[in-house]
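Read from first to last, the chains carry the letters A, B, C and D; within each, the first residue is number 1.
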């Protein structure tokens, strides 16, 4: 029925099945939009945030999603700037992941602020000392870039391609894409960093405060590293997931392994840097501000285990798995490691946003807890549903994985067979 | 963002407070007076974490059991940090500023986007968000203070040492002498305090007593609210 | 030309781009932001000539002098003339807008009922604020009609803190509104305060010395004289002790006489017509103590600005002016100047009960201030009548609010637990606030009329819901 | 420090992004007339590597070489250096007629010079058999300009909807159809046929095309019946009702 929209030679499920797949997500999106609408119309009293927990689920979501979406810029960087041509196989997918992640984050930010109508004030009266200004500027710019990078993928659609003007525009746009990739990389480096700086600069929050290198706190660089590290992992993960759901081979195993290797390499560097940073913080930064770091880990449930999980369980282990060719070769381990890495960055963002606010600062402060309201959760789910929907439609009607057609010919590699069998069991 | 209060010119002010914890009986007159002066609505649906109390009296104790337990009340308001003021440099759109003339940290409600980054930045939790539309009991709008504009929903506010009163005092001063008469400019909380625990002054003219301490002084943000107490366990909060 | 889809698309795309070059979108963005600055529904405070008027606060018998900042006729802020005010005083000018205020009442029906009242039964006036000029008028009127003039028990003595070197307080909330706080703290540094009280009350916390229990006489003897011993009601025993310490006339003297009959002296079922003047907050006598004194068909007329007091029990609740609308005076002879007009329909209780004019009577009133002498205020002091008091018990945990009860950790109840305040008369649902300063078995709560009716003379128990 | 870098950096970025987009727009406006050529280049770029091999690989002169000129051998020095293909050999391959009096385009069209200076364009035998009896044919009106490697005409068969690529540059003077053995008569704008296959090149090319067809069919899940080297039946489409015919034709007519 919608065959004329599906790229030539790609097998896609029947329209009915596709509808059955997206319907629940649309329902979820609808629910989320209602929740978000409540927050916009009735105000933020609909949330469980308060004067002490000024940031909640949403900021955590934004930081996480943007970190995971970093695959877009980093893959682009590797492909267009460092000319790793193998990655052409996933760049489209990466761009779309990035686009959904960023647009989702921006949408949630717009709901999170008390006066969305004044969003442009930041551009009109920018306070250049504020990390948030940096974030706002970079994210808006980069979202534009991502949108532009998305355009050619859309124009490649079988039907649109028929229109000569669109075809020509796509062709020309593709020629200058490396410029945008470069700009995108620059922007992403910046705002991934400033997102880290967001909490690193808070001298009033000794748990998050970090000493600066140049004009930025160390978290600035840690965020860049961690984002760059998990970006490819997340692309890997999504690709694998799409392969499982669509029951197709979409990219060569080598590409996935390459992604894993890159991820592992950066993750290793990140783990090192993070360890160093933590040590410096424990032994210098925090005590010098009069806060023995140990006191921050005395509050249940936030014990030292979080540090361990962040650095070893979700950092060192996946890094090792991804860097050891033998382990990487096992599809199962590769994916698991990528998943661990993603969990790691998620946990890190959680610690940065939520734990920081939960911990007391004043001597007579209490340890605070916070559970999001259904409106907050709903909005959160809306972003997830939105992401899934955009990706699903793109996967159906656009040619996300250039290698898909050729891979139909090749027989699946042995360990994948076994993998399939395993999944089958 | 550095404030050179002391080195400043003759008319340069450095407003601050000295709060005698040993005199505070926790009656809350300051909190209510603040709300009256600054047209802060009674947040009917609010709880203690969503309300708006630019000055807020906390009860603290020495952590011991009866009969060794001791308690005290400590009024908390914006501590008017003078050095790398945490909230000023985080605001993305310059809605928070520090007036070099007075050292008062101000919040421009009509500029505020409501991102609440400043609230996350403030170590004293002295900033409050307008979670609800401002509402007063029927007819009570008539009794609002004309010198202060009520804030709309979705913006952050905080203690600004009753800028309405300062402007009134300046108008008065402009009519007569140059400098404003200290008697004309006293924030509502200091004025209302029945036990005289809160003393407001220009720290350039009259420095805080030597035996006073400041909260989280170690952060190095040079707050201008000084606290006093003879009790050691209270001093330990400094 | 024919409109194909292509032309339509072209048109839309073209106009989308074109619009960006018109001022429209930019103006829209700016205006919406401006609009967000003065959102509809945000009240604009009225401007006008600012003036300062002074009067006396009648919200408690202390009658602090207050300066009201007014815009035109409208008071917008209250401040103490000498020293600060209590939270209720600071928001005095908000009381007229109290949501629970009574503005209309069955005046004519009340008059008819009075006319029809059983003449064989006694008429009585309960005056919650004795010692005023109005009180005198009531008393006279009752004498003439063979009625009874009733008032809550008043503290047995006045005290002179300034004259004392040491003060031994036996559970008297000296620093929490027992006396006008400003005047207490004005002389606070001159005396040493020893608080003898099981509970770590606020006064105990600020006292120079806190003794959970002690032999009062012994403590008093070891302190530097002149020593003043006080308790909540200035009981006879305490007065005796002061006499023994030689403080009579120096630090302690007889309190003002109210000339009121005690409720106990009234025979049960003897009152056929009861007037209650609740205009000024005063010590609330639990209704269960009053009720038996009333005849079966007794008529009760309450003069009040809120229905939450005796209004809950009376058939006729007649609205009265409230501070700062009311023209009235205080036990110490200070006469108020009304700052606002009372709403039409309010009743003047003096006129209604005694057919006399309070205004004329107030002409001869002279302030009878005696420097330093203060009369304790034993009434239930309820700051929660002011709209903004939510700041104190809801938006912070500074005071107890209505429906809250504080218990010690020993009670085994957790913060915000649902519980009941229960006595032999019944129980009231309450929310628990845990105060580590409270000894086992001791509960603290806001003495609202509702609660007092429940308790009477009993000490209520807190039971888990 | 931050602010001195910050704002300029931001505005530079903004300008770069907008300029890039404007550049793309401007260039596309300028190259609009070349749409057909661009379409071919875009498609060529998207073709599987196997389909982009140089004609001299097919003839076995090279082991492997990818065509750098999108099959425009006129621009290719390598091609210029290669010897002309021998003009012998017969045009009968697996029972399919590939007369050598004409030039073959790798998109399965042929071009034949006519006496009157026009060029006849038609589907070659394999092309014919792929399409069989088309459900619909969409021919350009006489006077329309067709471009080499651009669209000559469209044919529909089952779900297949393919643009058949034109072997020559020229103006359409007359149109035939499936019933005639030719589709277009074109007045060429140049006499350049270097990019087309001829003579001895034809056989190896057709053999290769049959292999590709087999691959395509297997890829689309058809039983590998051609693998036995059997002759493609007259109407291949009809004999593979299950296979995604659009994909197969796309593959064979060089349209990704």
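Definition applied: contacts are C-beta pairs under 8 Å (C-beta built on N, C-alpha and C of every residue); 3 or more make two chains touch, one makes a residue touch a chain.
Please read all numbers here as calculations on a predicted model, not as lab measurements.
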Taking a step as a move to a touching chain, how many steps at least join chain C to chain D? 2
Using the touch definition up top, find the fewest steps from chain A to chain C. 1
On a CA-centroid basis, which chain has its centre farthest from chain C's? D
More contacting C-beta pairs: A-D or B-C? The answer is B-C
Taking each chain's centre as the mean of its CA atoms, chain A sits from chain B at a distance in Å of 40
What is the distance in Å between the mean C-alpha positions of chain B and chain D? 78
Between chain B and chain C, what distance separates the C-alpha centroids? Give it in angstrom. 28
Touching two or more other chains, which residues of chain A qualify? 115, 118, 121, 126, 129, 133
Check each residue of chain D and list the ones that touch at least two other chains. none
Residues of chain B engaged with two or more neighbouring chains: 47, 50-51, 58, 133, 152-153
Taking chains as nodes and touches as edges, what kind of graph is this: line, ring, star, complete or other? other
Per the touch rule above, enumerate the chain pairs that touch, sorted by label. A-B, A-C, A-D, B-C
Provide the residue numbers of chain B that touch chain C in the complex, in ascending order. 22-29, 31-33, 35-37, 39-40, 42-44, 46-48, 50-53, 56-59, 61, 65-67, 69-73, 110, 133-134, 136-146, 148-153, 168, 188, 191-196
Within the complex, chain A is touched by chain D residues 1-3, 6-7, 10, 13-14, 16-17, 20-21, 23-25, 27-28, 31-32, 34-36, 38-39, 41-42, 46, 48, 159, 161, 215, 218-220, 244, 246-247, 250-251, 255-256
With touch defined as at the start, can you tell me which chain A residues reach chain C in the complex? 115, 117-118, 120-121
Please output the residues of chain B touching chain A within their complex, sorted ascending. 1, 45, 47, 49-51, 58, 60, 74, 84, 86, 89-95, 111-117, 119-125, 127-133, 152-156, 215-216, 218-221, 236-237
Chain A - residues contacting chain D, complex: 3-4, 8-9, 11, 126, 128-129, 133-134, 137, 141, 144-145, 148, 161, 164-165, 167-173, 175-176, 179-180, 183, 186-187, 215, 402, 405-406, 408-409
